[in-house]
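Please read through the structure below; I'll follow up with questions.
In this document, chain identifiers A, B, C and D correspond to the written order of the chains, with residue numbering beginning at 1 in each.
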Amino acid sequence: MLVKVKCFAWAYEVTGSDEIEVEMKESAKVSDLREILSQKFPKFSGRMESIAVSINQEFVGEGAIISSSDEVALIPPISGGL
Amino acid sequence: MICKIVDSPIDITEWMNIFESKSLGALCSFTGIVRSESRGQKVTHLEYHTYKEMAEKKMLQTVSEAKNKYKVSDLLIVHRVGTLQVGEIAVFILAASAHRDAAFKACRFSIDRIKQIVPIWKKEYGEEGAVWIEDCPVDITQDASS
Amino acid sequence: MICKIVDSPIDITEWMNIFESKSLGALCSFTGIVRSESRGQKVTHLEYHTYKEMAEKKMLQTVSEAKNKYKVSDLLIVHRVGTLQVGEIAVFILAASAHRDAAFKACRFSIDRIKQIVPIWKKEYGEEGAVWIEDCPVDITQDASS
Amino acid sequence: MLVKVKCFAWAYEVTGSDEIEVEMKESAKVSDLREILSQKFPKFSGRMESIAVSINQEFVGEGAIISSSDEVALIPPISGGL
């Protein structure tokens, strides 16, 4: 399946796009997504752990299952406020 | 309860009187202003980026948590994104309550919570280039509404 | 550092931007508003009385203590006296600091401290007559600047 | 000596004046002042303890000595702020 992944802050700079498409097997998990992205974009190396993943605008854990209709996003460490 | 992400300057005077005052008692506000120095470096300007739909959702979660935790009658959060100059307001929070303790705590809780769960990012531009500020890797175990 | 006792309405928007903003970072304000109910009684209006010379002195002591305790760059306290209607502002405090923690703490400290050492009295007028509110007998051992 | 004493809030209502004159012996203390006032104004009865005394705009203890040129004030429990 093809999954759309939004990329924010420096994740955008790493992938070069604010939304990428990632080919994944059905019922893939967040941990699978990390693996695929780390291989595809070596610049994630050493920084992937600091990224949180959201599905449909909620933060999710490594075991969460992704479906092709989900809104998936990469959330680097945040720094809102002052 | 008002949560807003805006891309134009925040006019505090517009927001400061937003709540009907008759039964309020205590108002506590927090204003976050872009500083001219950060981490020992001179700042020329900042860029705030956001995942807007999720940020608004997480700001609503923040005010709802604050309302559950403290006896506040009303709460406002306005966060600006885009390019901000030194001295401009990035965030404004206003908590209203019958009693000062709740107003202070809800206001403080809100700014702290924003920094934990609201997807907004700050890129600082200074003499030595630009850098993403990474205050807080999101700890998903801390996200659950308590 | 500004401490004022006034007998006309407090216009927050006049005070909110009083400090030069370039190096501030964090502003925390507290606004105390006359409530329509107090101790289960409907309030028609309040009268604030003061020992003005001493009150100004004790407000200055308050801001100086706050400045010593917390890293605030500036602090404002404005307290209104005379007859106040429901919904009107009795007190406004603004604390400025590079960091939010100090701004919150200094602002909170100031309102708490005012209630301990600044000679201002409140007489509440309600349906069942007028009553002096006696929040806090002055504890002189708590007065010494710490 | 004659000492002027400012009376605020309900202390004003008890004495009927915002400033009273009290005859005291030289080097009298704050505790002496309380005694004199309690006798002169029976309505202070049971409430005198809650009043703080200031000399020259500073709170003082019971042993503080009053001189005729001092600015003395009776400070009932305060209630500034909200």
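Some points to look at:
The definition used in the following text is that contacts are C-beta pairs under 8 Å (C-beta built on N, C-alpha and C of every residue); 3 or more make two chains touch, one makes a residue touch a chain.
It should be emphasised that the depicted structure is a prediction, and the values quoted were computed from it without experimental measurement.
Common neighbours of chain C and chain D under the contact rule above are B.
Between the chain pairs A-B and B-D, more C-beta pairs are in contact across A-B.
Per-chain CA centroids place chain B at a distance of 24 Å from chain C. Centre to centre, using the average C-alpha position, chain A and chain C are separated by 49 Å.
Looking at chain C, residues 25-26, 32-33, 35, 100, 111 sit in touch with two or more other chains. Within chain A, contacts with two or more other chains are made by residues 81-82. Interchain contacts give a graph that is no line, ring or star and is not complete, per the touch definition above. Taken pair by pair, the chains that touch are A-B, A-C, B-C, B-D, C-D. Residues of chain A touching chain B in their complex: 6, 8-10, 50-52, 54, 57-61, 73, 75-82. Every residue of chain B that touches chain C in the complex is listed here, in rising order: 12-13, 16-17, 21-33, 35-37, 86-87, 98, 100, 103-104, 107-108, 111.
By the touch criterion stated above, chain C contacts chain D in their complex at residues 32-33, 35, 48-51, 53-55, 57-58, 79, 90-91, 111, 114-123, 132-138, 140, 143. Touching chain A in their complex are the following residues of chain C: 25-26, 100.
Listed in rising order, the residues of chain D touching chain B in the complex are 81-82.
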